[in-house]
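Can you keep this structure in mind? I'll have questions shortly.
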Amino acid sequence: MSATPLLEVKGLRVEFPTRRGTLVAVDDVSFAIAPGEVLGVVGESGAGKSLTGMAIIGLLEPPGRIAAGEIRLEGERIDNLPPERMRKIRGRRIGAIFQDPLTSLNPLYTVGDQLVETILTHLDVGKAEARVRALRLLAEVGIPAPEARIDHYPHQFSGGMRQRVVIALALCAEPRLIVADEPTTALDVSIQAQIITLLKRLARDHGTAVMLITHDMGVIAETADRVAVMYAGRIAELGPVREVIHEPRHPYTVGLMGSIPKIAGTTHHGRLAQIDGAMPRLNAIPPGCAFNPRCPKRFAPCTAERPEPLPVGNALAACWLYASERR
Amino acid sequence: MSAADRPLVRLTDAGRDFDVSRPWLNRVLEGAPRQLLRAVDGVSFDVARGETLALVGESGCGKSTVARLIVGLYPLTRGRVEFDGADLAAPGTDTPAFRRRMQMIFQDPYASLNPRWRVRDIVAEPIRVLGLAADRDAERERVAELLRQVGLAAEDGEKFPHEFSGGQRQRISIARALSGNPEFLVCDEPTSALDVSVQAQILNLMTDLQERLGLTYLFISHNLAVVSHIADRVGVMYLGRVVELAQAEQLFAAPRHPYTRMLMDAIPDLQMTGKARTPVAGEVPNPLAPPAGCAFHPRCPHADDRCRAERPTLVGPSGGAVACHAVQERRI
Amino acid sequence: MAAVAGWLRRAWEHDLAWSFRRSPVTILAALLTALCVGGALFAPWVAPHNPFDSATLNLSDGFTPPAWTEKGSAKYLLGTDDQGRDVLSTIIYGARISLGVGLAAVLFSALLGVSLGLVAGYLGGRLDAFIMRVADIQLSFPAILIALLIDGVARIALPREMHDALAVYVLVVAIGLSRWVDYARTVRGSTLVERNKEYVQAARVIGRHPLAIMVRHVLPNTMGPVLVIATINIATAIITEATLSFLGVGVPPTQPSLGTLIRIGNDFLISGEWWITLFPGLALVVLVLSVNLLGDWLRDALNPKLR
């Protein structure tokens, strides 16, 4: 990790007040992303990964709210800004890419209009210059014949091309951070591979930090430098992607990796390693470690107290197994 | 051919067109012609008793349409479907006794269960409609047994679907599909809406049930890793046609059709072997205006003039057939 | 007993009950509606007089102003009309007819509209095109015009002596027929969505009859919006009935509804007997407003996006 992280999240807690009590959807989540780094955030639906991303870009849907912790972008706190200031930061310094490219684009304007308008809003350039930049962006995200395509409407693009346009839109103001929430989930495998390659190249070429939120470990393996594994609103394990995949420490990560079917070395018709049970609902998170009822290695402290992230190798694992080793 | 080694399901040159024309008034006013979408065309394969045949392909390749043709949700436009030797279009096959023998599991566990019904009624519906239980007590007994069989409790029958997670709902769907003691299950992307750890649970359950009940599966999926795990044989579909049909081990060890190779290349590399990714060019063409000749030729690195003009047919034994001129001419 | 208590507790904790408790306006509207409905149901017991019993009528009591005015009489709280009928009592009896016609018309139009919408949406094809084109054509006329037309046709077709006896039923059919399109369109829309859901396909795979699928599977899943439209349409139907009666083509003056009362009172407005038309008018406003507020609340409470 570099000395000055681009994004720093400390003790983030997101709550949803409901009539039956307050639900804690993200609980004490801390991580940092360096410039040019891709941090993968992986987890099952309801693990809190998307909400973490939404909290960072300041788009939490009410009644959801940040209840504790802080988010710093280039050292500046951004979690408590008024909506108007946050809106400026969101276009200028943070770009967002969502799962469904169709809802991210306005169907009534051409792709070029949307790009030019975004550039004019955030950068101090003229109209002609903005169009030149828009063309360059379309070429950069791999849209063939950008001169012809720039005046087309979103519905004239295929799903994969549309996601490229969304990425171009997110890049307009040359943001320092891109939050990409399931950017490849709605796409076919062959298109997914193209988008992954593109994201990776952009992070490298521009020194942009990328927070890549996905449920797909394969996408993380291909793209991310480090990965945070989330479970029931908390980070279970955080470390270099190679280490987490080849040598998972947290029993949940071990189970997760085992349950992914693999083409190479699959024992045909054998059983996959499965984690029994299901992730707890937010209103029924067990005391201690949230994973303890499903954990094959559970022992006394797991049900009593929540484990802090502890260093294991180059990674952090929130698991009592590694605390007892040191004691 | 004796009944025992006769394939359970046989598709012969099956095809299905969808009328995607504008409404009649628009056609008259705008002078637009009728438009037919060939969702499935010339698909032939056998499914042997007790095996799992998987169909893979990207969205819009027609794999789900094939599933629906077999269970009769869509009528065939061309060709025939036989089940245990009987033509499904022939009269006399639309009886409860016949219907009982094949069932379907759907993709979306949130849409495949009627939200206003209790789970016991959902599971019991086929039993009631097909008249499979002697009385209410027998029915209740059977529903409890089915729920236990898929790893739920008999008491869960009293609940409504919204009280269950996605994985549990998929278990309920499976219990329902099993309620008529079927021989053949058509599974349309049964795990693609589920999280990986839940997917593992459901795949394991399906494997167990197949062993215990001697089921035959047609497994539709876009996920090659899942398919390699569960299938005996795999058919790869592209734009409504089967382009390669082979034993699973053979297909995954040595894919032959250029499209199959491309799909295999596109799978994210979880092992992080650091292999160079061959960038995949292009996208699936518009199915309303498919390319002439081999439908894959615009994206194929091996395409020549013959590929652009003449459509290849699936050639080879059922353990390893491929529809590609380049492979048949031994160019690749 | 325990079962009833458990059921009550569940109902109390239900989302609908919860959102009801949190909205004072809705509670007020519900109370007012309950008051109107209760008054209408138990009119013979609630009303201080029986305005249609000519034996108790005294023409010399005619045009008595409300009780709190100078010439008022404690006997007639809201005064009397030209024939000495107690205005409060005629309102209570009138509300009975207005509500009855409104409810019956809504029931009739919902039944018709839901069935047609369900069949059109599920079966599709030419039948769908035909039903929906008829709906389109009907929508291009104001509902009141259609009700007037049907009422006029009935007047010509039915013999004169039967006319007064059947007037209420003709009114119900006329208002009902003018409103079925709302239900048909909504139900057709939801049916198109539900029809393609996988639970319907699952029922088709086991060979259930289309009618059974429509009634058992699709219909229950389309009822939410129908309930909302029906509630709001009760108010509309009451207004339509009042309008028709005000125009003199509704219920006969011997069985006056709120609309008839307003029309009769209207004749005396200029001569200074304002109470004869004002109080039925106010009653109509309160009734329609509270039903509408209930409908609005129901729409918001059933909308998952606003929850």
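The first chain written gets the first letter, and so on, giving A, B and C; residue counts start at 1 in each chain.
Assume contacts are C-beta pairs under 8 Å (C-beta built on N, C-alpha and C of every residue); 3 or more make two chains touch, one makes a residue touch a chain.
Given the structure is predicted, the values throughout are model-derived calculations rather than measurements.
Touching subunit A and subunit B together: no chain. Across the structure, the highest number of inter-chain C-beta contacts is found for A-B. Between the Cα centres of subunit A and subunit B there is a gap of 32 Å.
Each chain gets a centre from the mean of its Cα atoms; for subunit B and subunit C, those two points are 51 Å apart. In subunit B, no residue touches at least two other chains. On the subunit B side of its complex with subunit C, the touching residues are 68, 71-73, 94, 96, 99, 102-104, 106-108, 111-116, 122, 125-126, 129-130, 173, 176, 180. Contact residues on subunit C toward subunit B in their complex (touch as defined above): 197-199, 201-208, 217, 220-221.
Contact residues on subunit B toward subunit A in their complex (touch as defined above): 58-59, 165-168, 195-201, 203-204, 207, 222-226, 228-230, 248-249, 252, 262-272, 277, 279-280, 283-284.
Across the complex, subunit B is touched by residues 44-45, 158, 160-161, 188-194, 196-197, 215-219, 221-222, 241-242, 245-246, 255-256, 258-264, 266, 268-269, 271-276, 278 of subunit A.
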